[in-house]
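One chain, subunit A, links the two complexes that follow: it is found with subunit B in the first and with subunit C in the second.
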Partner chain A sequence: MENKKKKRSRKMLLYVLPAVLVLLAISIYPLIRSLILSLYNYNLLRPDRIRFIGLENFGNAFSDTNFWNALKRTAYFTLFGVSIELVLGMLIAMLLNRKFVGKGIVRSLMIVPMILSPVAVGLVWRILYDYDAGMVNYFLSFFGVSQLAWLGNQSTALLSLIATDIWQWTSFCFLVCLAGLENIPQEPFEAARIDGANRFQSFRYLTLPFMKPVLLVVFTLRVIDSVKMFDLVFIMTNGGPGRSTETMNFFIYQTAFKFFHIGRASSYAVIITILMSFTVSLLVKSLKKGGNDLV
Partner chain B sequence: MILYNRTKIIKRAIWWVVFYTLIFVILGYFLFPVVWTILTSIKTESEAFSMPPKWIFKPTFENYVSIFTKQPFLRYIMNSVMIGALSTLLALILGTPAAYALSRMKSGKGEGISFFILSTRIAPPTLIILPFFLLYRQIGLYDRKVGLMIVYLIFNLPFVVWIMKLFFDEIPKELDEAAMVDGCSRMRAFLSIILPLTRSGLAATSILCMISSWNEFFFAVTLTGDRAKTLPVAVTSFIQFTGTRWGELCAAATVIMIPLIVFGFIVQKNLVAGMTFGAVK
Partner chain C sequence: MKNSLVRLVLVVVLLLVIMNTAIAAKKYEGVTIKCMMEPHPTTTALIRLAQEFEEETGAKVILEEVPYEYLPNKALLNFVAKSSEYDVIHNDWLFAGYGYATAGYIEPLDKYISNPALNHYVDLADFSTVLVDSMIVEDQLFGLPLYSDSTFIMYRKDLFEEYGVKVPTSMKEITEAAEALTLDTNGDGKIDLYGISLRAKRGIHMTWTWSGFLVAFGGRYFDENMQPVINSPEAIAGTEFYVNLVRKFCPPGAPNYGWEENRISFEQGNAAFTIDASVNAGFAEDPQKSKIAGKVGYSVIPPEKGYGINLSLHSLFISKFSKNKEAAFEFISWATSKETQLKSLEIEPIPTVTSMTAWSSDIYKEKYHVFMDAHFESVENGNLQYVPKLPETSEITDTITAYIAEAVAGKMTVKEALDEANKAVYQIMKEAGYYDN
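Right after this comes the complex of A and B.
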């Protein structure tokens, strides 16, 4: 009997094996190759000069102001964008977490921004931000705001990208928060009301603790994706004006595919991977502490 | 008492008016850009630029005609569809049995998988793409549909495994055991009894895979030239060609968006679970 069970579970491994082998091939192989590449002076345009240089690329990265600036922009983009998305999403979810006519339709319509390709979103907002005939300037003119070249200005370009990201991903935060809110049991709230708790108190001591795991999941997923953000920069500003919207991933892309410094680009990617693994493992740890075993 | 009731009723009425106004504003904010793009796509070039904007106009399809005739737009669409469909199919073939087995094995092994999925998402795409770029140029897979299809497995395969496991978890183990007592092999039980029960899950999972493949841009822009170019890449090179031909840009954006919106509505029930890897349902 025991033997049969063992045989059975060994057979089950056969179901998993193909998927695991393919996954290992397509993810572990590039990981190792990237690690190796990062130790080389590797320029596609000068194949005769490819040579092993140890950790030199990493040293150069840390003394390169462009690298640091890209890192700062990414941190700014991520923290600013994601926190606003989360707060806005949560607020809208709390507003809509009640019975009302049309709730189903509103919820369905709210999925539209998050389902769109970032490429399409970038295209749409590039047009909306236009100086002469863009809708952003048109609507703001009602409020007495003078015309502005949102994407052509060093001081507003990155903010405009963040605003676009917020437009797209607030809907995601909203949907997840609403799903979370609907899963909260009602009894503690009734008990609290009977005990005389006011709205703020029941939000602070009931809603927030109940929602903490959900908020952390959304936060983690949004941070991961936001750090990787590339499409919007590529389509809306191409890193400019100046270098004002050159975020990390775009910077690495340029290093690799515009200047063909493959080795250098790999070392940047390795640094970001290490930084991100560290950040995410911290977030996952706090998730587990919160009793959420799903991530 | 009556007075009290009346103020209460008025208060409620005001609250609902404020509430629906807020909803109107929120929906307006999230939907206006999309509606505006679709409207602009059926305007003539001069109407698209008119300030103040024209809200009433005679619709025209000239922008659509011109994007499909000036460029091989249809080919780019077909590339996107084929790459997405093949990658999804392959991910399902490889991933569903794995998901089934993980769901039936003793718990605890799922943890490694979820960590793995997270780690494939954490790595910046450049880390993954550079080795593929070099390899594909060597072995002739650069700018080939097959090449991109394989790379898309990086996100589609872990996704299928994880999401399908959630669907299998909902089917009681006793069902396959009963089938096997009746003389079915494990494979038969899986293929002819358990798998058909997850039909709607399979459908939702494939649609979500198709959507992420359709939206993918970074891998496509680095691994394709012209032959295997996908729709998002075609649209960006389009910006360089047309400059500010807004009507055509909007038509192109609309072509990308419409299928997404349609399929998005179809899978809306699974969207939250799918995009949070089942962490929130």
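Right after this comes the complex of A and C.
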């Protein structure tokens, strides 16, 4: 009996081994390696000065205003962008959550931005935002808005990036919300209508609670994606003008691959990973609660 | 009849065999030289000409263009991995090459140059001494110059004439001309012609333009003890001059202008004049691509306390980890030779060749007579040290220009920006160990 169990577990181990190996090679090893690197003064241009410095990189990060500003920008980008995407996605989903001719086509068209490569999106939007040749300024001119260098101005550059992100990812929120809405049972709504609830009340007390877990899932996924966002900054502004669009990921990239402070960049990456794990685990926790509330 | 046919076949076969052995006897048969190249007309020309080198030596040459801004990081990652994939690296000497040399990633060339079996082309006297001397580190030469840009003024002759503005001969007149030519030409209440177009994108691009003013007004990066003095009164004056131009007389997109954006902006007629690399003149004069071909005049940037004309130096280096260093050397010496530069000059817009022979050639005169005098005068007064020669150059200049960008955006005064920049540069230098003893 004992023997059989052992054999069985050994067999099972064999089956999961490939997955474990792959995980070790592409996820665990780099993680450990970056943890180690974060404790070193490691500059590729100064191979003679590579040495262990303990937690110095972390101390420097917290006293570095550029680090804090990059973190703030990422938080701003994420919260601002994701909440608008969520609201818009939900509203559009409610608008389209009914039977009408061509619903399938509308839905397919809605998801086009989402399936485009972010690099292509960045390039296209860079042209759209162009001061002279851009469509944005062209259309705004009909409303009497004077031309603006959207990406060339420190106060509008980050907002312009957020707008592009919203354009691209609202459709994702829409799609998931629509799927959620379609799965809500209709009976409570009928009962509410009989009891004399108005539209807003049935939205507030029925739709929203039903949708809460779905919204939380979308929110979590979008937050993760949004914090990781790099391509739009890289393609559209390269962190500029000045540092106005230098988000955390771009800041790390710059530290590692432009100034070649690999150790310092690793310490930033470790900090952001810890922060993100914390945030996401909080979200997942409330997601679990939200799910329990409903069932 | 049959006999003669057999004989013919035999002769053909024999000939083929002989030819084959002759090909096999080429020096670098089977060797592949892989080069990481900056996208530049010079590279385009080399791609078109490489076949000649391949036929002569039997080596196969792969010239891979890597976007300029990402080239140093690709090169460095290759070096750190001790990869032998790339044999030749083409890069800016001050921003990147010097760092490679001090870190021991690129090969000193002296022993190849002094070896007559390998050196068929290199004539160091054919390059300007400034360029060659700069690349000597601890008595060893680390690269061969491929192209060298200088800055000068490119102005619209037609507009200057139409609005009665004279070509600036002092720094003050630059501002005056920029102000006089920032105009609403069609009377709709919106400015549609800007006086000047300048690069103001943080990093290498702003550095290229701003540092000219820094130097012209007598500013510098470090004093004799390597302490940063980027907030000296001279540096502030030069930077204020630059920031004022960008804020008031440049097209609104200028804070995101790099080399290409600024070139295109000027070619599209957005601005009356610009200060940028001489290679742009080759583009501006190309009637197929430029709206303003034939309308452009060229002049030397006037001095303030001294000349503030930048000289850039982009060279070919051999990777220390290359397995074909000899073949790589023959390739870079061929690529920078008089003969090749002359041919390149014919087929691509390259006023920035480094060979003096090419400069004085008829083809140069024929193609670039409109601006060659201004170009040569600029090169003569040019300053290669428009950025410090340190491995940290890229980080230092990026940090300074990020602060200047704040001044351009009006969020800081120039003095505040440079005070902060000075502190930040000190910190970089300290961390790099310059003040250890």
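We adopt the following convention: the second predicted complex is superposed on the first by the 277 of 295 C-alpha atoms of A that agree within 3 Å, B and C clash if a C-alpha of one lies under 4 Å from a C-alpha of the other, contacts with A are read in each partner's own complex, and residues count from 1 in each chain.
We take it that a residue touches a chain if its C-beta (ideal position, glycine included) is under 8 Å from a C-beta of that chain, and two chains touch if they have at least 3 such contacts.
Source: prediction; values computed, not measured.
Engineer: By the touch definition at the top of the document, which applies to A:W68: first (subunit B), second (subunit C), both, or neither?
Structural biologist: It touches nothing on subunit B or subunit C.
Engineer: Which partner does A:F278 contact after superposing on A: first (subunit B), second (subunit C), both, neither?
Structural biologist: neither
Engineer: Check whether A:D132 is in contact with subunit B, with subunit C, with both or with neither, and answer first, second, both or neither.
Structural biologist: both
Engineer: Could you say whether A:A19 touches subunit B, subunit C, both of them, or neither, answering first, second, both or neither?
Structural biologist: Only subunit B is touched by A:A19; subunit C is not.
Engineer: When the two structures are overlaid on chain A, which partner does A:I224 contact: first (subunit B), second (subunit C), both, or neither?
Structural biologist: first
Engineer: On the A-aligned overlay, A:F257 touches which partner chain: subunit B = first, subunit C = second, or both, or neither?
Structural biologist: A:F257 sits against subunit B and subunit C alike.
Engineer: Under the stated touch criterion, which partner chain does A:F52 make contact with: subunit B (first), subunit C (second), both, or neither?
Structural biologist: neither
Engineer: Scan A:G242 for contacts with subunit B and subunit C and give back first, second, both or neither.
Structural biologist: Once the two structures are laid over each other on A, A:G242 reaches subunit C alone.
Engineer: If you count the residues of subunit A that each partner touches, which comes out higher, subunit B or subunit C?
Structural biologist: For subunit A, the partner with the higher number of touched residues is B.
Engineer: Looking at the overlay, what does A:L123 touch: subunit B (first), subunit C (second), both, or neither?
Structural biologist: Touch partner of A:L123: subunit B, not subunit C.
Engineer: Go through subunit A and flag every residue that touches subunit B in one model and subunit C in the other.
Structural biologist: The answer is residues 130, 132, 257 of subunit A.
Engineer: List the residues on subunit C that touch subunit A in their complex, please.
Structural biologist: Residue list for subunit C touching subunit A: 69-70, 72-73, 76-77, 79-80, 99, 102-104, 190, 200-203, 251-257, 268, 270, 391-392, 394-395, 398, 402, 405-406, 408-409, 411, 431-433.
Engineer: Please name which positions on subunit A make contact with subunit C in the complex.
Structural biologist: 41, 43-47, 49, 130-132, 146-149, 151-155, 237-244, 254, 257-260
Engineer: Looking at the complex, which residues from subunit B come into contact with subunit A?
Structural biologist: Those in contact with subunit A are residues 19, 22-23, 26-27, 29-34, 36-37, 40, 48-53, 94-95, 97-98, 100-102, 104-105, 114, 116, 118-135, 150-151, 153-154, 157-158, 161, 186, 190, 211, 214-215, 217-218, 221-222, 232, 235-236, 239, 244, 246, 249-250, 252-253, 256-257, 260-261, 263-265, 268, 271-272, 275-281.
Engineer: Using the touch rule from the top, collect the residues of subunit A that touch subunit B in their complex.
Structural biologist: 8-9, 11-13, 15-16, 18-20, 22-23, 26-27, 29-31, 33-34, 37, 92, 95-96, 100, 102, 106-120, 123-128, 130, 132-133, 135, 138, 167, 170-172, 175-176, 179-180, 183, 214, 217-218, 221, 224-225, 227-228, 230-231, 234-235, 248-249, 252-253, 256-257, 262, 265-266, 268-270, 272-273, 276-277, 280, 284, 292, 294-295
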